[in-house]
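The first chain written gets the first letter, and so on, giving A, B, C, D, E and F; residue counts start at 1 in each chain.
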Amino acid sequence: MNKQAKINPPKSETDGPKILVINPNSTSTMTDKIAKFVDSHKASGTFVETLNPSNSPPSIEGHYDGAMSLPGLLEKIKWGEKNDFDGFVVACFDDTGIDACREIATGPVVGICEASLHMASMIAHNFSIVTTLPRSIPIIEDLVSKYGMEKYCRKVRSANIEVLALENDETRAQNNLLIEIKSAIEEDRCEAIILGCAGMTDLTHWLSKEAGIPVVDGVVSALKIVEALIGAGLKTSKVGGYSTPIPKDY
Amino acid sequence: MNKQAKINPPKSETDGPKILVINPNSTSTMTDKIAKFVDSHKASGTFVETLNPSNSPPSIEGHYDGAMSLPGLLEKIKWGEKNDFDGFVVACFDDTGIDACREIATGPVVGICEASLHMASMIAHNFSIVTTLPRSIPIIEDLVSKYGMEKYCRKVRSANIEVLALENDETRAQNNLLIEIKSAIEEDRCEAIILGCAGMTDLTHWLSKEAGIPVVDGVVSALKIVEALIGAGLKTSKVGGYSTPIPKDY
Amino acid sequence: MNKQAKINPPKSETDGPKILVINPNSTSTMTDKIAKFVDSHKASGTFVETLNPSNSPPSIEGHYDGAMSLPGLLEKIKWGEKNDFDGFVVACFDDTGIDACREIATGPVVGICEASLHMASMIAHNFSIVTTLPRSIPIIEDLVSKYGMEKYCRKVRSANIEVLALENDETRAQNNLLIEIKSAIEEDRCEAIILGCAGMTDLTHWLSKEAGIPVVDGVVSALKIVEALIGAGLKTSKVGGYSTPIPKDY
Amino acid sequence: MNKQAKINPPKSETDGPKILVINPNSTSTMTDKIAKFVDSHKASGTFVETLNPSNSPPSIEGHYDGAMSLPGLLEKIKWGEKNDFDGFVVACFDDTGIDACREIATGPVVGICEASLHMASMIAHNFSIVTTLPRSIPIIEDLVSKYGMEKYCRKVRSANIEVLALENDETRAQNNLLIEIKSAIEEDRCEAIILGCAGMTDLTHWLSKEAGIPVVDGVVSALKIVEALIGAGLKTSKVGGYSTPIPKDY
Amino acid sequence: MNKQAKINPPKSETDGPKILVINPNSTSTMTDKIAKFVDSHKASGTFVETLNPSNSPPSIEGHYDGAMSLPGLLEKIKWGEKNDFDGFVVACFDDTGIDACREIATGPVVGICEASLHMASMIAHNFSIVTTLPRSIPIIEDLVSKYGMEKYCRKVRSANIEVLALENDETRAQNNLLIEIKSAIEEDRCEAIILGCAGMTDLTHWLSKEAGIPVVDGVVSALKIVEALIGAGLKTSKVGGYSTPIPKDY
Amino acid sequence: MNKQAKINPPKSETDGPKILVINPNSTSTMTDKIAKFVDSHKASGTFVETLNPSNSPPSIEGHYDGAMSLPGLLEKIKWGEKNDFDGFVVACFDDTGIDACREIATGPVVGICEASLHMASMIAHNFSIVTTLPRSIPIIEDLVSKYGMEKYCRKVRSANIEVLALENDETRAQNNLLIEIKSAIEEDRCEAIILGCAGMTDLTHWLSKEAGIPVVDGVVSALKIVEALIGAGLKTSKVGGYSTPIPKDY
């Protein structure tokens, strides 16, 4: 099956939802990694396409990178709309642009940060989050607060690694990550760990085994939540702040 | 297939999870209604058993009824554990006893209140909840606060109907419910509605059509969230407040 | 005076309130210790009966134990109602079942956690709580949040001792407790300490002397608060969430 | 017994605590009313003196009046210290100066606002407060927030009466108060009412009967809480923010 | 003086700061209006340039419009940096992109929402905000929460007018605005009003006179706050979440 | 120009606002230091008078000192009103009496704590505060909470120096301060520092250079904020809790 066919299979071929997973940065090796884990965790019947915009920063490390990834991300959502996707995952832990995406999508849009917070809050009294660079900490702290999860979140920590080190300097990255997770367990008395970057999805199983407590990955969490929302027949409310944008010429 | 066989199918017969849905009150007609909607919303491959304890109040209307339902509920969780269930739904909107259930269950345990709050928060900026009797309002307000969802929740409202009126006085119950939902939309400016009782699950589709905004039902939400947690390989953390109870003689 | 007579003295014999203190676990040596300190702190004129259910866990260490103690606890409240008690203390720091108790009691019901939080907030800008096992920490953190006391509470800590070690391994228990209190003072910069277990009531005076700051015990606090509520003529509101349970057959 | 003798009875004459109730405004008829209700609610054995400074505003209506009452209030606390009082009530619903009082007093100091909030939170899921003039609403809202009681407080309301109307225009004052309380019950769905002014203490019983729900008066609440704190052997912590002021010449 | 000269005056010509005010939408008549009020309120010595991007939505009504305005906005910030501007105002009440702007600007960047919230909180106990369309309400509510101002904000309201109606349907717009402000005063008991759109800046004086309470405009507030920050020698911290973006090729 | 002339310059002589800065303690050397920094930071055209009451504690260290400074402070505000000052700064980091001041002043009144919190929140994601003595920590924590700034404030710390050590034991004071600031940066991961005492204003520049992150001084912040409020035409709202005190004889 070629890529085009895969994207738009006749409805009869699937009995489940069509979900588009968008890595908003432009690093295709990360997209491939995400795709691999999404594919191995999707429900039978679910059709998933994982892709990334090309006109986007290679990694999203801070507010500016996040802002610069928006045009590409929104374009992909529009493409997904045209191709009848039933739901969307935004696979950046900053939940970049999800509010804007919800205005233009018909089906649900879920960010990997929010998904992992919700999931973790139902299996543990509290958790700590471990992200890549220190500069991402305040962004994630703001999200934790936005979603009302301060009481669950012991601490947002950084393993002090660049996002792309997860792709091209794996040993150091994984090492730092494990050290920071162990500090979180000891110092924060947390019952679970959330991985604060889409690029860590492949490490979930190993880290959980090493840590001895549940390690929650946002990519898989968001995929499963989108499946759950679609399965429950739920779509984004269109009567208020997520109503379709007023058409404008510019 | 007799009930016993259904409960404990050989693992080879299913490719999906085994989920136990427990209605903690003892009204079997409500359990049947829940079972019907759970069955029609479960993923292909999921095996679900829906049941209720017999030694429990016929409806849970207040803190006392909730407390009195706990021994029966916990017994059913233990039974589910022995029969290899992978996850559990507690189908009462008071999320009765879910913390205690989590201590004795291996797989995830999800309450229908928390599930619907999480789901609604990802498809709307805010919501109002409509429950049965006024006496349940403070219980639900406490849950909203416990889960950090105050900022999403416009108001907890009551349709002023007894829980069992949903079974045996349907016209009045449905009428009151619709009136209260319309008041919520107009007065609270909410973008979604959450149904605050397991017994309302069959009305979700109709109410959503009448209301013109998403109406979230906790029963289906919790089923889908448990499927999602199991699909993501997540179980309750056993290192802290949910660790297995210390065995005691009494 | 035999026990039966003591329970139901003619009203003329007392000029003060009749208060029932219930230790919801079934360890009578702990009940005796509680009784001793309640008796030495009650106001002249107050009549107090201290007892425990027999069909209850020997100690309450976690959500499950708490749930399993409820039938016995609620039975004792009913017994107190029949015997004209004017107010009730639930002497477990998890404030187990107090909402349910309030529905079936006429007079006020006070938990030892809430009582000590309120008391401490009026004599110090902040406090730390020291409980027994780590598994109780999240339960107490939830209570602190439920009562709106996050801003007063520096930290909930555990001395890492089983509840019954307070009865049968006293030297170790007291030692650990004092060490943890000293850590709290140094690390949390707290102005007061709250003892997070009913079984610590006899240590209050000693610990306060050792610590050099106020140490608040929940048992005595709750007794005095119940006396205060009765003295002010206040009873639980019966118009809302604490109204008398709707009678049900099961 | 003359006033001087009454103030400083030999310890042997009382078996209970000596409590000083200070009305920080200078209206002696209000002080007399407070004294009457304090006397009729004190525990047997408690000795109470109720008084007011003379160099103080006749009523405290706003931040400025509150500030101007402080020197007189603090002087009375010092006088109480010299005369061996064991505890203090500040009988203004703005809890004027209680933090400063705590620095110079040995025994506990309780404000009537905080006392009533704590009491009400243990007999109802929520309450509304009814005060005198609208200008006092933000002050009380700030106190509710300071004490962590936002989640219990439905609304702070004003009956639109001057403080002294409670003394010299009683019919209008009581009428307005009852009307506002009835609005609170209907509109706020509150389970209890708190009276937001010391001058309303004599109306508590009547208003409670008319309202059909518990009406909490701060004056009596604070008296009982001070008795409770003293009875529990608790004094203000002196290691942190309430430590004795550093002596200064000026 | 031609425009180019005006933009980059030799430092010797001004004794005050150079401030760039950016209207992130592309409607130049709105920019002109903003410029007029900025010019009439700037301190003597302050040099201000007011402009807008051309590749931006003509009005920002919702999350999507906000996202689409970011590339143009960030480009203008970069232009300002190159031309030695000392500080920046983002003149959209959604505070669009201010976090991203702060990463690339040397001097302070202030949004008109945050500026007006801070200003209003120092002249009133509370305020209500009146914006244009209902779809902007949740965005502003999120900002109020992000800035910690929930306790000051009574309600976010909409006058139900499109942003550009402020330019081309003035009578209706002004009328609706005044009606909504009067409702806010009566129903919310607020002490001040904040105008929730940059396009309302010219109405501030008139509305304040009509309303009889302070009406706070974000545009002038932000200008004055930027002057204040520059005057105090304060620049955005560059050690954490606002540090300069890591250079990336794409 | 003699002092009298300076206080009440003919309006024609200034094109900017007249601002009164009040140091509420009675230490004139501290007032002189404040005056010096206020003068060097005021806008051209602004006229500033800096003074202190004589009947006030020499330093404000705790609630009691704060209360005792109020009569002198309020007297100075009244004097400022009579002499046509357009705005007021209260130069004590406890924001002593600012609510009362707002009732009697026509122009805006700004405390140095609130001013620095607002300023810092616009240039950093978070900050820590370093004050003088530990006893001031709870007062400042309460202010942080009152202003809704908990989410920005990492920690309130004390350099363990008396206020007047900043005047007469400078080397030790400055040393301790720098050590505490460095601890804050390392342990709290804060992006900015706020100096928690008016007497530290002269150290701002030096500390900022040593710390390598923005150091915010309340005195200059408050001056600039008052200039900003006046420049925006904003005065304290007089319709609610800050309305002019009701005249009273006593």
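Here is the rule we use: contacts are C-beta pairs under 8 Å (C-beta built on N, C-alpha and C of every residue); 3 or more make two chains touch, one makes a residue touch a chain.
Computed from a predicted structure; not experimentally measured.
A.B. asks: Applying the touch definition from the top, give me the chains sitting in contact with each of chain A and chain F.
C.D. replies: For chain A paired with chain F, the chains in contact with each are C, E, in label order.
A.B. asks: What are the mutual neighbours of chain E and chain F in this structure?
C.D. replies: A, D
A.B. asks: Greatest Cα-centroid separation from chain C: which chain?
C.D. replies: The most remote chain is E.
A.B. asks: With chain centres defined as C-alpha means, what is the inter-centre distance between chain A and chain E in Å?
C.D. replies: Taking the average C-alpha coordinate of chain A and of chain E, the gap between them is 32 Å.
A.B. asks: What whole-Å value do you get for the distance between chain D and chain E if each is reduced to the mean of its CA atoms?
C.D. replies: That pair's centroid distance is 45 Å.
A.B. asks: Centroid from C-alpha atoms only, then distance chain C to chain E, rounded to Å. What do you get?
C.D. replies: So the centre of chain C lies 53 Å away from the centre of chain E.
A.B. asks: Among the residues of chain A, which are close enough to touch at least two other chains?
C.D. replies: 102, 125-126, 134, 137-138, 142, 145, 151, 189, 191, 240-242
A.B. asks: With chains as vertices and touches as edges, which is it: line, ring, star, complete or other?
C.D. replies: Shape = other; not a path, cycle, star or full graph.
A.B. asks: According to the definition of touch, which chains form touching pairs?
C.D. replies: A-B, A-C, A-E, A-F, B-C, B-D, B-E, C-D, C-F, D-E, D-F, E-F
A.B. asks: Please give the residue numbers of chain C that touch chain D in the complex, ascending.
C.D. replies: Residue list for chain C touching chain D: 15-16, 41, 43-45, 102, 108, 110, 114, 118-119, 121-126, 147-152, 189, 191-192, 205, 212-214, 216-217, 220-221, 224-225, 227-229, 231-237, 239-242.
A.B. asks: For the complex, give me every residue of chain A touching chain C.
C.D. replies: 125-126, 151, 189, 191
A.B. asks: Using the touch definition from the top, list the residues of chain F that touch chain C in their complex.
C.D. replies: Residues in contact with chain C: 134, 137-138, 141-142, 145.
A.B. asks: Under the stated contact criterion, what part of chain E meets chain A in this complex?
C.D. replies: Those residues of chain E that touch chain A are 26, 55-59, 61-68, 70-71, 74, 97, 99-100, 102-104, 134-139, 142, 145-146, 162, 240-243, 245-246, 248-250.
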